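Chain nomenclature is as follows: A, B, C, D and E, assigned in order of appearance, with residue numbering initiated at 1 for each chain independently.
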Amino acid sequence: MSTVEATAGSQRGELSDWVRERVSHAVSELTAATALVVLFIALTVASPYFLTADNLFNIGAQTAVIAIIATAQTMVIITKGIDLSVGSVAALAGVVGAMVVRDLGFSLWAATVVAIGVGALAGLLNGLLVTVARIPPFIATLGTMSVGRGLVFIVSGAVGVYGLPRSFQLLGNGEILGIPFAVVITVLVAVGVAFLLSQTRFGQYTYAMGSNLEAARRSGIRVRRHLTGVYVLAGVLVGLGGMIAASRVNSGQPNYGISLELDVIAAAVIGGASLFGGQGRIVGTIIGAFLIALVRNGAVLLDISIHYQQVIVGLIIWAAVYFDQYRRRRLEARG
Amino acid sequence: MSTVEATAGSQRGELSDWVRERVSHAVSELTAATALVVLFIALTVASPYFLTADNLFNIGAQTAVIAIIATAQTMVIITKGIDLSVGSVAALAGVVGAMVVRDLGFSLWAATVVAIGVGALAGLLNGLLVTVARIPPFIATLGTMSVGRGLVFIVSGAVGVYGLPRSFQLLGNGEILGIPFAVVITVLVAVGVAFLLSQTRFGQYTYAMGSNLEAARRSGIRVRRHLTGVYVLAGVLVGLGGMIAASRVNSGQPNYGISLELDVIAAAVIGGASLFGGQGRIVGTIIGAFLIALVRNGAVLLDISIHYQQVIVGLIIWAAVYFDQYRRRRLEARG
Amino acid sequence: MGTTPTATADSDRQPTTDEPPVLEARGIVKRFGHVEALRGADFTVHRGEVVALIGDNGAGKSTLIKTLSGVHPPDEGEIRVDGRPVQFSTPLDARRAGVETVYQDLAVADDLSVAANLYLGRELLRSGPLGRLGLLDKRAMRQGAAAALDELGVRIPRVTTPIAMLSGGQRQCVAVARAIIWATSVVILDEPTAALGVVQTQRVLDVVRRARDAGMSVVLVSHNMPQVLEIADRVEVLRLGRRAARLRADEVTTDDLVAAMTGSISGAERDER
Amino acid sequence: MGTTPTATADSDRQPTTDEPPVLEARGIVKRFGHVEALRGADFTVHRGEVVALIGDNGAGKSTLIKTLSGVHPPDEGEIRVDGRPVQFSTPLDARRAGVETVYQDLAVADDLSVAANLYLGRELLRSGPLGRLGLLDKRAMRQGAAAALDELGVRIPRVTTPIAMLSGGQRQCVAVARAIIWATSVVILDEPTAALGVVQTQRVLDVVRRARDAGMSVVLVSHNMPQVLEIADRVEVLRLGRRAARLRADEVTTDDLVAAMTGSISGAERDER
Amino acid sequence: GGVEVRDGGDGATKDASGPLKLAVVPKAVGADYWNTVKAGAECAAQRAGDVTVQWDGVTTETDVEGQVNLIQNFVTKKVDGIVYAATDSSALAPATDQALGANIPVAMIDSGTSPQPSSVPLFATDNRASATEAAKMLATELGPGNHEVALVEFQPGSQTNTERVDGFKAGLAQFPNLKLVGQQPSRSDVNEARRVTENILTANPNLAGIFAANEPSVLGAAQAIQAANKSGKVVIIGWDAAPDEIAGVRSGQISALVVQNPFKMGYFGVDKMVKHLRDKAPLASADTGVTFVTKENIDSAEIKAVLEPSCANPPVQ
């Protein structure tokens, strides 16, 4: 026999291996999805108002922005990065988008392009700080968070942007065949990014860089360009999310998105993304975002005060990651 | 010759080695300290009010709480952790401290002990989540942040705690030989923790765990206990800081400390602490805290709006870490 | 060839000498999830001998060593020190029994100095009340480290240099020195020379010999058969998580060892002959 | 002993054959801060030969290899491929010139599957417009990976298994296989067998021989002198960042190699004789 | 096209006899001011009988989107009526529409929306006008001569903040002898308010007056002035009436407070809503009035009723 092999492999059957692998992918999502289903059923039983078209519509619309920005965050987290600047960048994009409509008479769509451009620029800045200046993502985006918030106040003169035409609301409050337009966009974004991550070279490189940046580089991947690309794409989504948020409240709010980064990071990690990089899937993140939204929605329906909601969200974060870590230890803790 | 050696060592002289090592320790602090001195001189020139006893007194007192909590954060960062819960825990400690004075007639000192106890309990919780439940620090403390904020609203009934005796202000507003009492406490805390980190076994273990947790464990260090100890001690300081903050404003404020974690993390990293663990010194953190305070003080003296302050703080964060990373790459990037 | 080692000649497991084995593992089982890394492994080392532990990749050598040093408490089986059953639930327990280990994946704290690493977990404290507060006696540790390294013939630029600044070979030397300095009865070395050059390797082997001459027992894991035959008194072979053979180094050839590792001759048979 | 290798017999650097060296380094200098890892290193490998690159720890072997594979562009000196000067500023440049490398610290993405790692950086895309959008042809890569591993005789549970789930030996095999699959002219292996068992080591060496037989050139870094003499046609010795000797493997002994590495005989003298 | 802005469906008219459940939503939880609103709302509910109040709010007044979601969730829950204070007039307008579309009547307290539907009443005071009034009081307090004054705002970019800042500045414009030398935000954090005030005092040693625009801002500013031993030397005109603010007025540290009648807002909101639901009484806006509390009038019965509202004797005439 001239085959090269290591004995460890022979201790596991092929089938069990395959099962493991699938399970490994799915367990964290399963944890989150199970929690989601349980909560869903509990709320259906507990409140007659929960399972109504209106309420589901609302939950969808309410979660849209968080889900889109959490999708962006997930991409960055997969690369072993983190983006603390999403809140102030979303605010900047929304404010600028509202301003060009109000002051320059842009159409909603043109303004959306502008907002996305703002997000992309911020993403480019983050990307260059990380790849060229080699500042760790946490710090790079912490700086962008601060600078971005300063800028949004400067450009808006620290006043909300009001006096927008009614059409401005279309993105956030419109509906299409009875489905919130924001939900349609969210689905498109989520499916698109999930496809990008799982089916394309760009996605492959994203996981590879998060898994082992040096290996990716030595494999001939232009890591600076690609990593910057991930931040830019994330910025695009953050810009889009900021614009939808502005549209939803029919105004540019300079204070939008304070602490948003924590919500979206929570959604991503609840859905199984690992802050150590290389792992995370959009479906999990979307589930995570809905889990948080459902807690908030259910709390109102069941008359639970905001204070207890915060306690519950904290408990869910702990629980989700606890089970996820537990699974990873079992499946991957190898010498 | 029967000596065991590797040739690499022989390529460096002993003296240069020694210099390097000292320099390595000092460069990030130097970067920050230089910035501090430059800013100090610039402000002295730019504003006649800057270099006055009163102003320096104020800056000291204003920075005290941030510096104390940043000291706590630095300890956690050295262990390769992060504590996002400092803001809500400080608020909880301050509110509880104020409540026991108002409702139970505790003395300020007894209340301080209670506040410290609250901080210590939160730290214990963080420590157990990290060591026993093995939840990564970012997530563990993100949960505590959310739960803590919920609790502070629940215990306070979501209202500020007022009606405190004038003596309650001693901790935050008292002075001793013309020096703010809070500054004295800060100095004691900083010197104490710096001593602990650099001169004691506890400190040695703190760096060792952040540098290589598994190595620490295999060296017979009871890492769970020690790591938990670091979080508890950090909690103690956060509780103390929260109490000083409450005393300074003579009331318990449930909204205190939102985003405080970002300020103190910024202070620590500006001062040279590395989020990758194993590195960081209190003197650097204190410099970092004062640098941020000086920017804010100077901005008001020069009537620069808050918006530009945020931009400037962001730039300083980038610059400090950029130079620090640069130095680390030069000194430590070894195969 | 095929004989059991001197010390265990008269019965399957009991040595002829009065002295029981200084460290012994019996029927160790260790599972990781559904991988059974050790399936009833046995291992014995006597006072003053160098035993090589060999086996294929994944045979379970490192896992066995980790159970012997308290890193992975075994799921089943027994560890004995000087004939007495012990529980190594943490690395500290093994250290206290005088067992020191150099792990395959090293285990040094990069940001700490050479001296701090040598004393890690057993820091010298100031005498008096300050010491009881945990105050380090850094000077004593620096001097102690320098002296110990000197005595072992390990040369390092300065004991205050952070480990991060050493070459791979130098780090390896620090790890080995640390184990040997502290061991009072057994030193375990898991592939200590895998990354070392020829000369550095010889130096580590010199240190091993000196430790043995000082009355210590040494367990050496290695894939380098000539090296094994050069330094070991005895060889134990692990295959698929079980002991497959126990051999005297001076009675076997490389081919015998390879045969035992790959199972072309069953170890169980060998043991029973 | 002491002779220069066949290919470079008639002059100091020019080979006698018409063919220029397939890969050549001339006077490479590489500094890290104030550490000069390479101080004018030379290196030559010809078509179809296995060259061992040996030297003490810290001699600069890995650094030289990284300059030859575009990871660390050199500060001074020249790299030539088939006699033509080239600039390897990124790993991609070296790959494009047909040079593939297995690094000492491996370089695999743990979270990706075996197949994804084998194709990393040269993914197969769907044909047509979808492919131009970067759509992966996962099926083709799975099949291609399985076929390639099969042909090389490397056995891995499934090509869809994430690398994280493989043993150290299996990972090493994937890394070696990957290099050999893609190399069109030179395969560089930096201590590929350091962590491998005897049997696994032999299998990697088999793969190396097969690559050579297929007309590839192989550069092997190793500290194992018997292994070097077993597999290499020629040996180049690096000492303190410079080439200290060039030797024919069939004319030297282990002791000669050690002498050249440690400098008990100056390499420069040897080269000039 | 298929895309349209959603206005809410048309639900069936609700039978309003029997128990009522009302949602009362402040701009945010956590301030004394809003707790007084809550007390008023609960008082009215208790007096009306068979009315439950579900009190819920976001944690910061800047969480505009969070409040939109909250109102939507109450609409879904089909509470009988919603009484709330808009964090942002423009942003919450659609949420009000949604409630009305679902046949849930809405009453605004403290801050309305723009546009404000005619069927929706507003029980509030006018922030802008009151802030202009505060500027006048500051001018009166300082008297003739040139004076430097400063402004401690709370949350730049939030609507109430903007209204108060604009109103104050409009008031100042009528007094050329007053010069605005500093403007810094407290972000509704007392510690921060204290810090910026200290720095303003340092930069402007001649500072004669401060207008602080909400509860935490006032508390921090007063602390800073006291710590600088400038109590009485720097005039403070504040806003709201937290216990420590009242104490400040008594001690002379604070010259005057713009005090709204939050109890009345909560009370009116619930009371009028209940009457509307039960008796079909039309909902009409009302100015809940603002009082300028000074040391002189602080002990008058009328002011006492506002400052220490009790359900036995509610300040709601």
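Assume a residue touches a chain if its C-beta (ideal position, glycine included) is under 8 Å from a C-beta of that chain, and two chains touch if they have at least 3 such contacts.
Only a predicted model underlies this, so the values are computations on that prediction, with no experimental measurement involved.
Student: Is it true that over half of the residue numbers where chain A touches chain B are used by both copies, so same, or is it different?
Tutor: Interface between chain A and chain B is built from largely the same residues.
Student: As a test of understanding: of all chains, whose mean C-alpha position lies farthest from that of chain B?
Tutor: So the farthest one, by centre of C-alpha atoms, is D.
Student: If you average the CA atoms of chain A and of chain E, how far apart do the two points sit, in angstrom?
Tutor: Those two chain centres are 35 Å apart.
Student: Distance-wise, how many Å sit between the C-alpha centres of chain B and chain D, to the nearest whole number?
Tutor: 48
Student: Return the distance between the CA-based centres of chain A and chain B, expressed in whole Å.
Tutor: Result: the chain centres lie 30 Å from each other.
Student: Of all residues in chain A, which are in touch with two or more distinct other chains?
Tutor: Residue numbers touching two or more other chains: 6-8, 12, 153, 158, 258, 306-307, 310, 331, 334-335.
Student: For chain C, write out the residues touching at least two other chains, lowest number first.
Tutor: 56-59, 167-169, 200
Student: What parts of chain E, by residue number, touch at least two of the other chains?
Tutor: 29, 59-60, 156
Student: Give the list of chain A residues in touch with chain D in this complex.
Tutor: Those residues of chain A that touch chain D are 2-9, 12, 14, 17-18, 20-21, 24, 199-202, 204, 207-208, 210-212, 214-222, 277-279, 331-332, 334-335.
Student: Help me check something: in the complex, which residues belonging to chain C touch chain B?
Tutor: Those in contact with chain B are residues 69, 71, 90-92, 95, 101, 103, 106-112, 116, 120-123, 125, 133-136, 138, 152-158, 160-162, 164-170, 173, 176-177, 200, 203-204, 206-207.
Student: Help me check something: in the complex, which residues belonging to chain E touch chain B?
Tutor: Against chain B, chain E makes touches at 29-32, 34-35, 59-60, 156, 181-185, 188-191, 194-196, 198-200, 202-203, 205, 215-216, 219-220, 223, 227-228, 242-244.
Student: Any idea which chain E residues touch chain A in the complex?
Tutor: Residues of chain E touching chain A: 2-6, 9, 29, 54-60, 62-65, 68-70, 72-78, 88-94, 102, 114, 155-159, 162.
Student: For the complex, give me every residue of chain B touching chain E.
Tutor: Spelled out, the residues of chain B in touch with chain E are 47, 49-50, 52, 54-55, 58, 62, 65, 149, 153, 157-160, 162-163, 173, 245, 248-251, 253-256, 258, 296-297, 300-303, 305-307.
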